[in-house]
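Some structures are shown below for you to check.
Consider the two complexes below, in which chain A is the common component and chain B and chain C are the respective partners.
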Partner chain A sequence: MAVIRDVMPAFELFQPTSIADAQKLLQQQGHDAWVLAGGMDSFDWLKDRIKKPKVVVDLSGITELKGVRTAADGIEMGAMTTLTEIIQHPIIREKYKLLAESAELVASPQIRNQGTIGGNVSQDARCWYYRAGWPCYRAGGNICYADTPEGRNREHAILYADRCVAVNPSDTAPALIALDAKFVIRTSKGERVVDAEDYFIGPDIDITRLHILKPGDLLTAIRIPSTWAGAQFHFEKVRDRNVWDFPLLNVASVMMVSSGRIERIRIAVNGAAARPLRLKVVEDAVRGKPPNAATGEMAGKLAVQGAVPLQFNAYKIPLMRNLVKRAIGGVQEATWTS
Partner chain B sequence: MSDIDGKEKIEPPPSTLSRRDLIKGVIVGGVAVSSASYLFRASTLVGQSARGTGERLLTINVNGQLRRVDVMKQETLAWTLRHKLGLTGTKLGCDRAECGSCTVLIDDVPHYACSVLTHTVRDRKVLTIEGLASPDGTLHPVQQGVIDEQGFQCAFCMPGFIMASVAFLKTNPNPTRTELAHGLSGNLCRCQDYDKILTAMMRGAENMRRASRA
Partner chain C sequence: MDFLEWARSPWGQNVPIHIAWFLIWVAVIAGLLFFIVHATYLRYFAKPKEFAISGSPLIAARIPEHVPRHSLTARLFHWIMAVSMFTLLFTAFLPRVGIQFDWVTYHWIAGSVLTVSILFHIVHASFFMDFWSIWPDRIDVRDAWRRILRFFGKPAAPPPDKFAKYPLENKLYHGAIIAAGLSAIVTGVFMMFRVRTIFFPRNPYLLSDMTWGLMYVLHGLAGVGLIALIMVHVYFGLRPEKRAITKSMIFGWMSRDFYLEEHDPRRWPVEIPASSPASGDAEPEGVRDAG
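Right, the complex of A and B next:
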């Protein structure tokens, strides 16, 4: 499809200055309203005329959605905090470096200056059939163009595909799941706090959304408890180019090791399914074992159990196995196996 | 194409395109034919945008000047700068946050002007390549670095690279080559002139340090 380089189609723009006003607007406008955070995902949709909202609600003027604050236990980040602020924040760098590391690998410097943490975890799938406006399952149709014999699906899912084979493209999401973050959501019924992993949903629950937000809902903040402050962190992202690209796969883990044994661990991968996956099976299997190559090997094998490759993405299975292995066994000891 | 009191004057597409217009068309539209449709389409937008309600007349701070300008709700900063304010030093390459040629500074932070709504920069300071030189014409040390090292080929990407460098060097005045490359990694050069660009930007950094010592 030819790329259109022109002014976007007209929309009405609202720029509320409080969460309450934003919510009122969203409830009034219902399905017609588009929520604009940093805009790094939104503008593609609007410029390509794939999504044509009548009303855009820009959250950039809401001060209460911005910045990192210390909370009773850990920290709270407003959903409109930019990735650059998160990368540079002294407390995050000191105690929750995993998140800073994941954010640092997102896109490009300019995009990190504008892209927000709320936007990064709420962004839509990158499957190009979907992004190009093909009437696929995710767009409300009843076919998946990527999951056909000729479909280009090198970037697509190896786990939990259900009709749609798109993956979640966020780098910060698995880091937040590993850190046991809580997402604060404002709905018409009030505030709701969910575990990071429950914010994300697969096609089995809703094929048109990657997260639980319904029209009118707002993600307002993300909290990181102090549970894992200063733990042993590992984040790794594999992509084609070192700038701009979304992950083919990434892995995030937090680990507490005492007397040479893994005492506590959380590990998550993204780019493998429509939602970032917390690997509970792996966590249970490696607890009490030494964090070495043998444990990593076993963990990697467990992680990919049940994986089903498409025509062009079989490489993701050994890739995921090795990423998990390195996260647990360490990058030095672990050698890549095919 | 427009004047600063905000009323767009849309000219009909010229029947014979000058070489410069043709080049503009090729860069902006991808193929020469689309430069004509590009103008046609712009004319239909004027009517369309009139649907918007609320404040459209904005005052924005660009290069230290307060500029009064009529801005559509859906208009990007790159569009306002180039087509309303005549500041064509900011280039539009991809219009999709994927190349960096539109990089400008907003409150000293580099942003892709193609991916910022002008309505969101009302209370902020915008700096474009046109605002770098001093009023007496003395070039910014980074611009001087480009001249010293002849750093670019076609230089379409140059304004974006310079703006990204200026911002990066403000907070990292003494970077290694690798650090600077990382700082400029959000800018692409179609001529693949990266090595010389980096040399020029390193020279710019040196010029900046010298200027601040002086």
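Right, the complex of A and C next:
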């Protein structure tokens, strides 16, 4: 396919300065509108001329969408808060370090300076067949080029694949799920607050989107309750190039340990499916048990139950098993014995 | 306005990928328009039904109170097919109009049930039922022409005969369902090669991009056609004058009065159960002893 790189297609640019104006614009333009946050994902699409929106709504001029605010019960981050701000914010570093750690592992410093938390959780899939503009399921077509014997599917899904096998590439998403964050969405019917794990959807629900935002909707903020402030955190990301890459897999966990036993826990992985997965079965299984290698091993095995590898991504099954094991049992006890 | 959605394949070929989804609404509107036009016609313009005199009082006297119409097997097939067909339509089209849910698994399971039930029906209808009763015959065509002539004010045209087991409209509808249903089923079976099922290993490269595209288009066209056809079927099933037929699909029989009013015993002979007191008498034309 002939692609003219670096020359964006013509579009009408709107730069609203308030959430109300942005929402009005998005509702007026509907399917024709493209929401531009930090632009880290958007400019790929536009410069490759794969997506050709008629209208781009640039949110960078909306002050209300920026910054971290303390709330009665936790903190609220505007969707346009940059990843660097999140990494450097003292309260986040003190109480919700899991999020800071996950954000710090996103891409490169320059990208983190520009990329936003809203953009990071709402970015599109990285499957190269899809990004190249091939008419796959996710692009509205009727085939998955990655899920074939010859398809390049090393980075693709091992769980919950349904026709499309692309994965969600966000690093901050599993951290937010583990922290029990709430996503604040403005829709035509008013404000809607959803649990972080419910913000993401798989191809079984909608094969063309990774999240619940519909045309006209706007993610305005993310709230983190104080429930898990200061808990025992673990975030680990595995990628091909350690300086700058999307995750092959990542894991985020928050744990409250009392008298040597796991009292409460939330754990999520990303890169294994089209949506970040909260591992509720693992949480239920390890609650009340000591956070050691044996518990981690059991948790790891449980986490990958039902995994179906593609031609080139079977390595993700032991990788995910080990990441979960390390999240529960600790990195120093991660020698796999089975 | 394009009736098909097109895409450029990796090989640079323009291929159809599926029908344009607005056709869903075209089918729904067509179904609704049919209701309105038909109901208006019956309410304000239709003339009372007129049939040629058929059968003798002797035949009428021997018709039982409950005339058997559909066997239990036939009724079970019909309702299994109905449930699977509604499941297929809802799982196929609700996500297209904004109601998102995990539809693919339910869709192929319902499609498999429908396929098996249709295969059963073909065998059952071919070897255990009166196969030709659902196909239009010469008398149907002749009577349809007579009805048209009389509708357009030619009372000199002889009145049509009463119906055989199925009126011509019913037979034509069955033909349309066969065309749409088989198109959806055959293309659907191929499409199951593109998703993970328990039946075949996934093989999206079984056919060329163009053939796959045409397969999806035919499946979609059959699907939207079935929306309109099923709407019309349900409409007729609920109409008061057709209630006796609908009830017969539940209980298996229709009343003697309705039978004599609409059906010709010579074209659809009634089977009299062996236990009937009249079954031992001489058998007139139009009555068949089942004993």
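What we mean here is this: the second predicted complex is superposed on the first by the 329 of 338 C-alpha atoms of A that agree within 3 Å, B and C clash if a C-alpha of one lies under 4 Å from a C-alpha of the other, contacts with A are read in each partner's own complex, and residues count from 1 in each chain.
The working rule: contacts are C-beta pairs under 8 Å (C-beta built on N, C-alpha and C of every residue); 3 or more make two chains touch, one makes a residue touch a chain.
Given the structure is predicted, the values throughout are model-derived calculations rather than measurements.
Novice: Is A:204 touching anything from chain B or chain C once the two structures are fitted on A? First, second, both or neither.
Specialist: second
Novice: When both complexes are superposed, which of chain B and chain C contacts more residues belonging to chain A?
Specialist: Ranking chain B and chain C by residues of chain A touched puts B first.
Novice: For A:145, select first, second, both or neither according to whether it touches chain B, chain C, the two together, or no partner.
Specialist: So A:145 only meets chain C here.
Novice: Classify the contacts of A:43 with the two partner chains as first (chain B alone), second (chain C alone), both, or neither.
Specialist: It touches chain B, and chain C stays clear.
Novice: One more residue to check, A:27. First (chain B), second (chain C), both or neither?
Specialist: Neither chain B nor chain C is touched by A:27.
Novice: Return first, second, both or neither, reflecting whether A:134 touches chain B, chain C, both chains, or no partner chain.
Specialist: A:134 contacts chain C only, not chain B.
Novice: Touching A:227 in the superposition: chain B (first), chain C (second), both, neither?
Specialist: Neither partner.
Novice: What residues of chain A sit close enough to touch chain B in their complex?
Specialist: That would be residues 2-3, 5-13, 15, 36, 39-40, 43-44, 46-47, 56, 58, 60-61, 84, 107-111, 113-114, 242-244 of chain A.
Novice: In the complex of these two chains, what residues of chain C are touching chain A?
Specialist: The touching residues are 5, 7-10, 12, 15, 17-18, 95, 100-105, 194-196, 202, 204-205, 209, 212-213, 216.
Novice: List the residues on chain A that touch chain C in their complex, please.
Specialist: Within the complex, chain A touches chain C at residues 1, 134-135, 139-145, 147-148, 161-163, 201, 204-206.
Novice: Name, in rising order, each residue of chain B that touches chain A in their complex.
Specialist: 28-30, 38, 41-42, 45, 48-49, 51-54, 72-76, 79, 92, 94-98, 100, 103, 109-112, 115-117, 119-120, 164, 168, 183-186
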